[in-house]
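See the structures that follow.
In the two complexes that follow, chain A is the common piece, with chain B as its partner first and chain C second.
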Partner chain A sequence: MSLSQRQLALLLIAPGLALVAALFLYPLFFSLVSAFTGPDGGFSLQSFGKAWELYSGDVVFTVVIVLASCFFTGLAAIVIAGTLTLGENRWIVGTLKALYRWPLFIPFIVAAQCMRTFLAKNGLMNNSFVSLGLIEPLQAVSFLDWRGIIATFVWKQTPFVALLLAGALAAIDRATLEAGRNLGASRIRVLIELALPQVMPTLLVALVLSFVTMLSVLSVPMMVAGSQPTMLTVDMAFRINAYGDYATANALGVITYLISAGAAIIYLRRGMAQEGAR
Partner chain B sequence: MQPETQARAGSGAAIAVRGLQVAYGGTRVLHGIDLDFAPGSFTALLGSSGCGKTTLLRSLSGFVPVEAGSIVVGGRDIAGLPPEKRGMAMVFQSYALWPHMTVLQNIGYGLKLRGRSKAEIAAKVGEMLSFLGLAGYENRKVTALSGGQRQRVALGRALAIDPGILLLDEPLSNLDAKIRMTMRHEIRAIQQRLGLTAVHVTHDREEAMTMADRLVIMQAGRIAQVGTPEEVYDRPASAFVANFMGAENVLPLSIARSGAQAAVAAGEARATLADAAAAALPSGEALGYFRDDVASLGALDAPAASGDLLVPGVIAARAYPGGIYRYKVEAAGRQITVDDAGRHELGTKVGLRIPLQRLHIFPATEAGIAA
Partner chain C sequence: MRILTLACSLAALIAASPLSAQTLNVASAGDQNMVDYVKDYLAPMFEKAHPGVKVVSVGTGPGDSGSQKIYEKLDAQKGANATDFDVVVIHQKAAGQMVKEGLLNKYTGNVDTAKLVSSETAKNSLGADVAGYVIPMFQSQTALAYNADMLKNPPNNFAELAEWVKKNPKQFGYNGIKGGMSGVAFVAGWVYAFGGDADKLIQGPYDAAEKAKWDKAFAALKDFNRNVVITPGNAGTLDMLNRGEIAMGPVWVDMFYSWQADGKLPPNMKLKLAAPGMPGQPMYYAVPEKSAQKKLAEEFIALATSPQVQADGIVKKFNWYPGIDAKNLEGKLDKAAWDKLFTDITPADLSKNAKPFPIAPYFNDILEGYEKKVAN
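Coming up: the complex of A and B.
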């Protein structure tokens, strides 16, 4: 019996495919089924009802936190990438270039731990403010809540977005930026009106990827904020660890998946609209 | 300056460059340039790559920091100003149009920066487009235009702000040959109509000659010669300029001066010059530079006129570029390119007739660089 090219190809990828199926597709399918299964074993939306009843506030909290983080990450990345591209002070550009990528190599959990010691009521930030005479010790407030989560996410994700954005900015024709300055545009206007529109697709990809990443981080909300309201990842871990309640956890998982699918759809739609306009 | 230019010289601005020095990371690129640009003049900066012509243009426009020296426009030294404060409009080699904007937005951007109303911008852009032969193109995407159209839009974008000075950074080198010819005339005509002071960087000799009132030949960060196209072509100031302007044949000469006469020898061949022509010659070892169309081919024993050198040679190669034949002739130990109407076979012994008057002769010591 001789194998056709097609059969041979299938045979070759079979081990990899089997691995993906066993370790990823099967658990995914299983958790989906589990989310839609009632206590009696039949189809039911009961888990979703329970998840919504207990955690609807956290769903909104999660979406707001992640969107706000994306917004500030985008802003910080634009400032960094813009400075790297249009900066004229070689010392500032050189230092920024050397420093800005470091958080990329620091895991989320370490970043969260750093932020705890930095943002706590008696943390490094408040201590510095007190010793600088900016605030009284009694005025010191802990930032270990939603603000801490956003700060950590922005700190951790900015280098990634800035890296992609700076790469895209470096790839556009520099003469298009010089033409703007030649006609009288300041560097800020050149960045906003001439450079960014040319790299918008890259910025959007970077932000969608960041959105999905931040949506799935457990360590940061758990370590930095801890209390209610919190993010869906913490709720999922809690349902499983405290109650062994896989059904509700899986329902929360499906909700998370739908939120990230929403981001993906926005991205794809924009991409198609651009293709259509061309 | 040409008559039409003088008639409308009002809107162009004068530029005075003094002692301009520019360095890239410790390497000096411009070594003290002194140059004046008269209002309404068209100057071409010409030179081989790396000579500093683009750096000079970019230091005028403010994209290259100036180490020392001044650039005075309208009585003000602008050498320290950022590009956006200089009021010079530049046209780039890559057109540098903004792909996310329409033709209207591209051309109108400079006006938008100057706070003009939408109606004003639309009116000015419409005027600009019909001026450039692109009427009705306002809402086209610039990515949908051809190379020539793009360069016209880029020109319109520069001209829309009514600049006194137009800087052209090799604007035609990305265009195909036919469109390049048309654009040469168009740019020149527009510059004259508006009376702009134009500075054009190019490495294309013919382009510079046909467009400019004045050529500035640059060599290794210095000015080698400034003059009208005729001056630079017919009376090159140095061996480098002669060579750059197309006099690529080099003939080693030995010159003996006696009184009002000069005896010139090239190998066995001899000729004499008298009076003014002789007085201009250096004495001793020299190199003569000449173009392909200067020498002619004849019989070895043909009588030579007194001012002609008759150098014996052998035809080594032949090509037919059209109209005339182009020969490589081995003579006086060199390969010399000669255009001639007649067809000669390879290996033929010929007499290379070179009129001394049409040689650019420089002492061998100073000419060494270009030989």
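Coming up: the complex of A and C.
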């Protein structure tokens, strides 16, 4: 018996498909069912009503935090990748190259723990500023709130985005950039007007992936900031831990799915557009 | 094929042969200090007295969520022959539920030290009858910690506290209700103070209409929250007190003393139990119904609740109030160690202002009311 090409292909992807089905589709289906099931066992939107009543503020908070983090991550990554590609001072480029990837290897929870003492009102950062004479001790404020969450996310995700972006920048045709330089454009102008538009798809993909990653982090909002307002992951954990209330937690999960679906649509559209261009 | 058969029979042999070493699995809900207590203090002592036994201590996380994880594990293994845990250390809310669902073993009759406990909490856990199923490991209490250098006269009651916070914005910090029990205790204390009849919440019976009376208290708390710092967790509050970022905040008394003894809090910090009081709670030792090592588990708990261990470990080393009646500790403890427990909060304060948490249904109503009307 010999397998046809088609059967063989199916056989080859079967383990992967089975994994996706068992570890993603099945739990997804299960949590969807639980989110839409009322206390009497029938279909109900009650969990969503409760989720909205208790956590509407946190939904908005989560979206704002993650979007802001994406924005600053993108900005920082452009600066780093741009410097790596167009920088002319070898010493600066070398140092940056050696340093910028480090946060990639540090887990979120470790980063959060470091930020707890670094960003506190009388923490390392403010104390350094005070001893440098930059601020008065009384001016010191704590960053252990939404700003701390954004700072941790940006610190953690920037290397990832910068890595992808620097790779894409290195791959574009340098002749266009050099032509721009020869015609007298400044390096910043070359970066913004010539280089970035060519790597926009990569930047977008990197940011979409960061968006989804940040949406799912529990440790950072839990450790860095107080609980009001907080991100949806913390609310889900609390719902389950304090009440054993899976229905509302799953409703919050569905809301998170919807938020990340927004990002996924951008991602897929990009992919389709590229496929179409080929 | 032959190799496979060989391997299988070998594996079967290993699995079937009686293990010479026994393992006692102890799961503790609660902060890290409780896991440390079992791991570093109780376990070595028990292993020494029982050669060949190994005690494995796991922590399941702080607050009721830690107990919830133990509950879910026991519930999931209800149909199995044996559970993974032999001794569990749990909170009050979970204890009532576990007893009701038959997940715990009625063991205290087999343990002599159970006779040394007469406190109400050993029988009644937030309204649920748990007599026979639990022995308190310790009793702990929440109170307001404050920096005596920054304020000389701490508020005597919650109304004075609200007044003080208004005058000193961002000098009071607590961890809300999602970051550990000290914040939950503070919120419960607030409802006791401003939500009407505290005794009814503590003793029951449950009346679903009661929560409507708390609206004013929650509105006031929302207002109060504008001038406070929300800290990340029980330890977060202590951290901020330590760094001088806040001057006052609710803490667990035991954690407070332990941190102070470790030099992690300035010596000028003091405690105050403001009227009408804040909740405290015991942690319970319990044995799961399906534990494979019931006898060993009972021996472990007997050791843990013996007067000497309660004196040295619970009171002296970890600064908790004893789980067994205090009179049994007489002669086991030097006076200095005993007095240290009552430096700031006297036994009279305790008897007047140390309250239990509300019964479970009110407790859930308070938490949910807080989420609905204060946090969102």
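FYI, the second predicted complex is superposed on the first by the 244 of 278 C-alpha atoms of A that agree within 3 Å, B and C clash if a C-alpha of one lies under 4 Å from a C-alpha of the other, contacts with A are read in each partner's own complex, and residues count from 1 in each chain.
Everything below uses one rule, namely that a residue touches a chain if its C-beta (ideal position, glycine included) is under 8 Å from a C-beta of that chain, and two chains touch if they have at least 3 such contacts.
Because the structure is a prediction, the values reported are computed rather than measured.
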Simultaneous placement of chain C and chain B on chain A, clash or fit: fit
Centroid geometry (CA): angle chain B/chain A/chain C, rounded to a multiple of 10 degrees: 150
Chain B versus chain C as contact partner of A:98, first or second or both or neither: neither
Which superposed partner A:176 touches (first chain B, second chain C, both, neither): first
More chain A residues in contact [chain B versus chain C]: C
Touching partner for A:197 - first (chain B), second (chain C), both, neither: first
Touched partner set for A:234, first chain B, second chain C, both or neither: second
Touching partner for A:138 - first (chain B), second (chain C), both, neither: neither
Which superposed partner A:186 touches (first chain B, second chain C, both, neither): first
Chain B versus chain C as contact partner of A:244, first or second or both or neither: second
After superposition on chain A, the shortest CA separation from chain B to chain C (Å): 47
Partner chain B, residues of chain A touching it in the complex: 173, 175-176, 178-186, 189, 193-194, 197-198, 278
Touching residues on chain C, where the partner in the complex is chain A: 61, 63-65, 68-69, 71-72, 175-179, 225, 229-233, 236, 239-240, 243-245, 364, 367-368, 371-372, 374-376
Chain A residues within the chain C interface of the complex: 53-58, 116, 120-123, 142, 144, 222-230, 234-235, 237-238, 240-244
Partner chain A, residues of chain B touching it in the complex: 61-63, 82-90, 92-100, 109-110, 113-114, 143, 154, 157-158, 161
